[in-house]
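Order as written gives the chain letters A, B and C; numbering starts at 1 within each chain.
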Amino acid sequence: MSEQKNLLSLRNIHKAFGGVIAIQDFSLDLKAGEIVALVGDNGAGKSTLIKIISGVYTPTSGDIELDGEAISFRDASTARAKGIEVVYQDLALADQQPVFMNMFLGRELTKPPFGLLDKQRMREESQQLVDELDVRIPSAASTISELSGGQRQGIAIARATHWASKLVLLDEPTAALGVAETARVEDQIAKLKEKNLAILIISHSLDQVFKLSDRICVLRRGKQIGVRETKNTDKNEIVSMITGVA
Amino acid sequence: MKHLVKTILCGAAVMLTPMIAQAQTIGPKGEAATPSSEIVVSDSSAETLKNGNYTAALLWHDQSDFVNAVTAGATAEFERFGVEVVATTSAGFDAAKQRSDIETALTKKPSIILSLPLDPVTSAAAFKEAKDEGVKLVFLSNLPANYEHGTDYTTVATDDLFQMGKQAADALAASMEEKGTVGWIYHDADYYVTNQRDNAFKTTIENDYPNISIVAEQGISDPARAEEIANAMLLRNPDLGGIYVTWAGPAEGVLAALRANGNKTTKIVTLDLSEPVALDMVRGGNVAAIVADEAYELGRTMAAAAMLDLLDQDVPPFIVAPAVTVTADNVSEGWMQSLRVEAPESLR
Amino acid sequence: MVVYIGFIAIFLFFAVTLYDDGFLTQRNLTNILLQTAPATIMAIGLVFALSAGEIDLSFGSIVAVSALTVAVVLQDYPLIVGVAAGLGVGVAIGALNGVLVAYLKLPSFLVTLATMGLFAGIARSMTDLRSVPVMNETFTGIFGSGKLFSLPSLVIWTAIGVGVGHLVYRQTRFGAHVLATGDNPRAALVTGIKVARIRLYVLMISGFTAGMAGLLYAGRLQAAKYTLGESDLMTVIAAVIVGGTALNGGKGSIIGALLGSLLMGMLNNGLILMNLRVSDQMIVRGLIILLAVAVSLRDSKR
């Protein structure tokens, strides 16, 4: 990674729900064009962290800086407005709507003079987006329910990258996919680097983590165990960090 | 309770009708009643009617055995003179559906429409098209507002409501040997049909039977509460000789109360045919008599009136069909006379 | 879509078998359009509600309240006040439904089941079961028996309703958000759609269309009565489902609802012209609706 300033900085993030501490003293920097993997056992706090970054939760204490600017998100839509997009585990796609409407869900394009939907432009832009990421679907007008799991995942990723100007958070992007589809989605994620976006990915698959990420951040029971450069570590080290067993 | 719904509909006619107890049934505009037996199409007119290729539509408010009997009476009378029934509808008490039914039936260009207008107000516009096209309109029980006899419609026919109440009084008095005490359970609502019948019963007892006194009066608006009402009445008047119940539905509840009290002496009289009530009567229970209307005759007379109008003969503005008193001795005949169907198996 | 085929099939069937009975006459076909106008308008609102994943069972009662409101207000006030009052109560009742559903998070089925009964009772008590005549001839012309360029006003209202409804449903962001909300509320939420507000709005739209239907009934009958709209609930739901709108949201069609409504009207009309007995009319109509709904739902599952 070239030396450039941090896109996202998390400083000493704490999050407690009542008396239960979910995240303690978490700090991490992300640079544009970098993929960081977040790993840890179930309940380690990965999803909580994603929700804090995407504005769903407000941290109990700690600072978040985006592009060197201190921010506090009131809700998910302010985070979205700042260029942060999430690909949720359940994909958040409306199954009975066409691909292009999903791609522009909540941010539909309209045309003058009456502000009606510009379906043609949405279709064309969607087609372009899926082509860029090599998501192979019959057409941008296809209904989501007609698509395979991998195709849907591709759509969700394409949507996030289209709207994210800075950061994409991926929550278990291949958990429900078969081998071939997983490989295709991994290719798509790798392509996001070219768009100079910062990417934070949660994954249970260490193979995937090692294939995709530049750095790996390990969480255990809400504590940040450590961050490693992917090229300077190996699976054994990461597994022992995750489990706490030397 | 087969007439309850018909009853509710007719409520609107109340606005046009003086509410004092009459010595006879009067029409929606205060017209004197003509007995249905006077409405007869002569056999000599048969040829003229058959050559006219006339058609009729029957546009009812709802479905019930009452409507079925009226339909049967009308259809049979039409058949005798070669008038074809081309449409039959039921509005299910929906004024908008009735309007649609009229429009749809007019597609078949009927010469005659027999109908129960749902109420005077909504039916005025609904029947306008039919009226303007010169269709002979014969109404059952209700009359559209501001319609003129002779120019706008042929006639209004209904049950002889006063006779029904009077005959109920006569039958109850007879079963009590014309002496004793009576409870009066009347319909507590502004409804033309039940009000006329209930008041006729009361007037008759008061005027014609000096040895019978009405010692308890209780209104009822929800038939489901009849049993409680009867229980309360019997508690206060344990030696009631008879009870009048406004129609058969609540009468079933009153019967249940009497049975629960082991009361075998208090007589009941009610209006409109009902199998469970009649069964008690046939088995020698509390029910002394049921007074019914002659629905079949009502249908016949409506058809006859319409055909007379087609023949350019004068038709009186208000026609009533007679009432029939049904006792244990004439159940089969009574059923036949009222509805023109065999009495239910259990009663024969 | 199935409704197009069913519509054409039944139309052709009646056209052939009832040719001599005047089914194809301009008068009869116009009658069908006039008779179905209020139900079609109600159906438009229901498509919006169902598409957002909500149901409105109260629209029939709203029709009665709105019609009675118009009739009563027009006795003392000018046309515009009566119309505003009639539509206003519709929207207000819809808003009540909407607030309970969207912000108190109560299921719309239960909320509108309750308000259906509530407003049926209010309609009954408004005038003590009495029917109220509408004497204002401008009103009965505009909303009932009038014509513009030889087109009956009810046909014009149907066309406007379907045209505007279709445009909003298919070509606006609002329509897209309604569909997304019914399809996957979580997806709608995380993409920034104000899901609660959409739920409020669709029930207000359903209230508005029911209010409009109340106006059309009052205009057509030149009177209002508490029973108006009561029997439309099942007809309109059937029309909307046959027209390809999903009961559980995310999918629907305004044009389909129009055809479904016309199909229902055609059935009523044709079965009467066939001179069937009333009970047989009900049986045949029930069987055809069952068939249409079954085929339509099978079709949409694929």
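Keep in mind that, in the parts below, contacts are C-beta pairs under 8 Å (C-beta built on N, C-alpha and C of every residue); 3 or more make two chains touch, one makes a residue touch a chain.
The structure presented is a predicted model; accordingly, all values stated were derived computationally and were not measured.
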Item to complete: Indicate the lowest number of steps between chain A and chain B, counting one step per move to a touching chain.
Response: 2
Item to complete: Indicate, using Cα centroids, the chain positioned nearest the centre of all protein chains shown.
Response: C
Response to the item:
Ranking B-C and A-C by C-beta pairs in contact puts on top B-C
Worksheet item: In angstrom, rounded to a whole number, how far apart do the mean CA points of chain A and chain B lie?
Response: 77
Worksheet item: Between chain B and chain C, what is the separation of their C-alpha centroids in Å?
Response: 36
Worksheet item: Using mean CA coordinates as chain centres, what's the chain A-chain C distance in Å?
Response: 44
Fill in: Touch list for chain C against partner chain A, complex
167, 170-173, 175-177, 179-180, 183-184, 186-188, 190-193, 246, 250-251
Worksheet item: Any idea which chain B residues touch chain C in the complex?
Response: 11-12, 15, 60, 63, 85-90, 92-97, 99-101, 103-105, 107-109, 118-122, 124-126, 145
Discussion item. Which residues of chain C touch chain B once you look at their complex with the stated criterion?
Written reply: 21-23, 25, 27-28, 31, 34-35, 38, 129-133, 140, 217, 220-225, 227-228, 230-231, 268-269, 272-273, 275-279, 281
Item to complete: Would you pull the chain A residues touching chain C in the complex into a rising list?
Response: 76-77, 80, 86, 88, 90-97, 101-102, 105-108, 110, 115-117, 119
